[in-house]
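Sharing a structure with you now.
Labels run A, B and C following the written order; every chain starts at residue 1.
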Amino acid sequence: MANAMSDQADKELISRGLKRCSTPRFVLWMLPWVALLIFGLYAAGLCLVKGLNQTNMDNRFAFGLWIFLDLTVIALGAGAFFTGFLVYILKLRELRAVINSAVVIGLVCYSGAVAVLMVDVGQPLRAWFTFWYPNVHSMLTEVTFCITCYLTVLAIEYLPIVLKNRKLREVPAFLVFEFQLHKLTYVLAGVGTFLSFFHQGSLGGLYGVLRGRPFAFREGFFVWPSIFFLFIISAAAVGPSFILLTTCLVQKISRKRLVRVEVLRLLGRISGLMLAVYVLAKTVDTLIWINRTSPERGFPASQYYSWNPFGTWILFAEIVLFGLVPALVLLTPRLRARTGWLVAAAAMACGGVALNRFVMTVQTLALPTLSFDRFLSYAPSWQETGTFLAVVAYGVLVYSFSFRYFRLFPDERELQAAVPPTDTREADPILAGRY
Amino acid sequence: MLPWNYGFAWNTGHILFLGAFYTVLVIIATTVVSALWRSRRSLRAHQTEEIRWHSDFHDLPAADRVCRHVLTGEFKKRECPHAFDCRECETHAKLIERHPLTVIAGPDEDVFGMDFPLDRYYHRGHTWARLEDDGTVTVGLDDLGRRLLGAPDSLELPMPGDHLTANGTAFNIRKRGAKVRVLSPIDGEVLAVDGPAGQWRLRVKPDSTDERAFRHLLRGPEVKPWLMREMERLQLALTAEGAVPTLADGGEPVSDISASYPGTDWDAVCGKMFLEG
Amino acid sequence: MTNPNKPVKAARYGMAIDIDRCTGCGACMVACAVENNVPPAHAGANDRKGITWIRVYKVDNGGDGDGRRSAFVPVLCQQCGNETPCVHVCPQQAVDVDPATGIVGQMPERCLGCRYCMAACPYHARYFNWWDPAWPAGMEKTFNPDVAPRMRGVVEKCNFCHGRWHAARQQATAEGKPDTEPVAYLPACAEACPTQAISFGDLNDEAGVTAAAARGRDSFRLLEKLDTDPKIHYISKREWVRRIADAPRPGDGKESRRG
C-alpha cells in the first residue's frame, strides 16, 4: 500500500503524457551509478586529504588524466552554447527539440570539470585568489573567470527546465518566475556564446602561449595563438556531434523515439560543416608550425614524432582519420541519411577532438625540452581514474533524473504516437522506434 | 580584481579584461533580477492564471492551436497568435464586422448524440457561459467534458468570492490518475456554486457584460465544426495513448468515456482535450 | 618587494657555471636543500617527485668505449629575463620578477598549486610539493630560521637564496651604505661548490667576475632560441658540451643517474 502510494506520488512528478519506467526500476537503474559515485568520491577524497601524491602525476608530468579529460569534456559540452546560439540567435527552430537536453549535458560537463579541477589543484581553498589577484596576461585566469561565469549561466538556464516540472509548476511563484525567465533566455544564450567563445579558445591558448614548449607554441593574432581559434572551431564542431550521440544513446536506452530524425541529420550537417572548416584551419596551422614556428625556436618538428609511441601516425589520426573522414561523411547527404553512418561519424569527430586535447596536454609534457631530458611516460593511478568516474556517474545520475522528471525532449509526446515512419528506413530500429 | 589591492596598476589589459568580466556579471545579474522583479509584479497583480494559461498554450502542439476561423473555413491554416484570446485580435474583429455571429435560440446541436444547446457561448476548453437576464453569467461543463470526466474522484470548485480569469482555472478535477484543470470562459467573481453533483454550475458576476467580454467564445454556427474537430482530436488522443479506434463508425460516446478505455493514459487524454498540454 | 617609486640601480644577479670544473659531487644540491629547508623525500617519492631546486645532470657525448666523455651540468631556475614564461602564465600572480634584482620570486603563500608554471618552464626548474613536508625527529634543529618552509600543494623553486640577499641588504644598510646600490652575496650552492665552478654575481656589473665569464667566448645558455634570456650562463671549452644547449634530438637524451 505504501509502495503504491509512493509510486503514485512519483508518477505525479512525471510530465503529462510521457511514459517512464516504474519507480523501483528507476531506482535499480540509478543504484550502480550511485555506487560508482561513492567510489569516485572516496578516490577524490583520498586525493584531497592525503595530497596529490595519490596520483601518478609528477614534476615532469604536471598535468595528467584530469586536465586532459577536463579539456575534452568541456569541448564536448560546447553543444550547450552552440545549440543555444543556433536556436536563440540564429533562430534555427528545429533544434529546439534538443536544446533542453543540451543544457543539461552542458551543465553536467562543466560542473563536473570544475569539480575535478578543485581536486586537481594543490590548494583548492585558495581558488578565490585567481579572482582577487588576477593576472590578465594569463590564459588560465581567463579560463577561470569565463568558466565560472558560464557555469552560472548554465545553472540559470537549467532553472526553467526544473521549474517546468509538473508538480513544481503548481507553485505560483515558480510558474511565474519560469515564465519571466524564459522571455529572457536569448540574453543568456548571447552571454553564453560570448563566454564560451573565450573560454573554449583560452583552453587552447593555455598551450599556445607556452614559449617554453615549442611543441605546443603557436603564433597567432595579437595576444591569441592560433590554437585559440582552432579550439573554438573544434568545440563548435564537436558540440552538435556529442548531442547527436547522447540523444541516440538515450533513445536506445529508453527505447523511445525522442527527436525527429531530421533533427539528428541537421546536427550532423552542422557538425560536418564546422569540422571541415576546422580541418582546413588545422592543416594550415600545422604546416606553418612545422615549417616556421617550431624550427625558429630551435626545435625541428620531425623530432617530435620520433619518440615512441607518438609517431606521425598520431598527427595523421588526429587530422585525417578523426577529422577529415567524419567531416566528409557528415557532409554527404546520402551517408547522413543512414543513422549508422551518422552516429559513427559523430563518434569519430568526438574521438578526434579528444585526441587533439590529449596531444596538447599529454604529448606536450611527454616530449623532452632539454637535450639531456628523456621522453617520459605516464599512466593515471586508480585514484585519478576513480575521481573521473565519479564525474561520469554524477553526469548519468543528473541526466537520468532530469530525463525522468523534466521535459528534456519536447517532441517526445508527438513522436510516441503510433504513427508509421515516413521514410523508408523501417528496418532501422532507432528510426522505427520499436525494439 | 579591485583597485585597492597592493601593487595594482591600471593598464589596457586590466581595463579590457575586468571591463568585460564586470559587464558580463552585470548582464547576468540584471537578467535574473529583472526576471525576479517582473515575477513579483505579476504575482502582486494576480496574473498567475493568465501566465499559467500562456505557458500551457505555448506548449500545446501546433495542431491544437488553430484559429477558430480555420474551424469555420475562413482560413485554411492559421495558428492563434493571441492564446485564444480573441478579444485582442484585430483579425477577428475585422472578420466579425463582415459576418457578425450571434447566439441564436435555434434547435439544439446534436453531434454524435451529445447535447449542445445553442443558447450559450462555448469555450474551447469545454466549458460554456450563458448570460442570464439578471446580468449574472452561468458557467458549466459541456456535454463532452462531462462525458470525459464522468464521475470525478475528487473535485476542487471555487468558493464564492473567488475571482475567475478568462482562460484561467475554473476548477480542478481528479479522475483515475488524471489531474485536470478546467478553464474558465470569462472574467468574473464567483457568486454561488450550485447544481446537483455532476451538473455543477457556477453563478458568476462578470467583470463586464459588454459584447467584447464574450468575443473569444464560440457560438451558433461555429459550434458544430468545432465539435467535429474535437471528436477527431479525441480519436487521435485515444489512439496516441494506446486505445484501439472505436469512434470511427460514429457511435455515441457513453456517459463515462474513461470507463470504456481502462488501459489508456486518461491523464494525457484529458490534458489534451482540456487544453492543458 | 622593493618600493617601485624609489630610483634603484637595478642589479641583474646571474651565474656563470663552469662545466669543465664541475665534478658532479652534488654539494650544491645538499647545500641548497639545507639552506632552504627543503624537506627530505617522502618514502614513496621517485626521482620525478622529489624537490631539488638545483639538480646536477650527467651528460655525455654519445660515444662508446674509449670515445665516451661525460660532463655534469647543474640546472636550476634560469631566472629568465625576457617574457618570463612562469610569470606570464600564473593565474594568481604568485610569481614575479623583482625589478631591483632580476630574481624571479615565487610566493608559495599565494600559489594555488595549479602547476601551469611547471608546464610552462622548459628547464624543469619548478617543483611541486606532492606531500606534506615532513622531517624526521630531531632534524628540525637543522632548520634555517630565515627561510619559511612551504606547505603541501604549492610550487617552489630556486630564488637565488633571496634570504641571503635580504641579510646582505640589511648588513649594507647597517654599515651605512646607500640602499640604491646592489649588494654582493653568495647563494648556498655557489658557496658550497668545492671547485668553485659556480660563479654568482651581478651581470650588470661589467667589471665583475661573473659578468666577464658570461661574456666570454665559451659561454652559452640553454635553449637560446627560445628567447627567454636566462641569467645562468654555462661555460665549457668543449664543443660537444656546448651542444647540450640545443633542442633534444631523438635517442641521444639520457637523464642523469645522479640527482
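Here is the rule we use: a contact is a pair of C-beta atoms (placed from the backbone, for glycine too) under 8 Å apart; a residue touches a chain by one contact, two chains touch by 3 or more.
Predicted model only: the values in this text are computed from it and were never measured.
Peer 1: If you tally the C-beta contacts for A-B and for A-C, which one comes out higher?
Peer 2: The comparison resolves to A-C.
Peer 1: Computing the C-alpha centre of each chain, which chain sits at the greatest distance from chain B?
Peer 2: Ranked by distance of C-alpha centres from chain B, the top chain is C.
Peer 1: Return the distance between the CA-based centres of chain B and chain C, expressed in whole Å.
Peer 2: Roughly 77 Å separates the two chain centres.
Peer 1: On a C-alpha centroid basis, what's the spacing between chain A and chain C, in Å?
Peer 2: Their C-alpha centroids are separated by 41 Å.
Peer 1: If I count partner chains per residue in chain A, which residues reach a count of at least 2?
Peer 2: Those would be 133-134, 137, 141.
Peer 1: Across the complex, what residues on chain C touch chain A?
Peer 2: Interface residues on chain C, with respect to chain A: 42, 44-46, 48-50, 57-59, 73, 75, 83, 85, 88-94, 110-116, 118-124, 126-132, 151-155, 222-228, 243-256.
Peer 1: Could you pull out which chain A residues touch chain C in their complex?
Peer 2: So the residues of chain A in touch with chain C come to 51-53, 58-63, 120-123, 126-127, 129-130, 133-135, 137-141, 144, 206, 209-214, 296-300, 303, 306-307, 364-365, 368-376.
Peer 1: For a test of understanding, state which residues of chain B touch chain A in their complex under the given definition.
Peer 2: That would be residues 1-2, 5, 13-14, 16-18, 21, 24-25, 27-28, 31-32, 34-36, 38-39, 42-43, 47-48, 51-52, 54-55, 59, 61, 177, 179, 236, 239-241, 265, 267-268, 271-272, 276-277 of chain B.
Peer 1: For the complex, which residues does chain A have touching chain B?
Peer 2: 8, 11-12, 16-17, 19, 131-134, 136-137, 141-142, 145, 149, 152-153, 156, 169, 172-173, 175-181, 183-184, 187-188, 191, 194-195, 410, 413-414, 416-418
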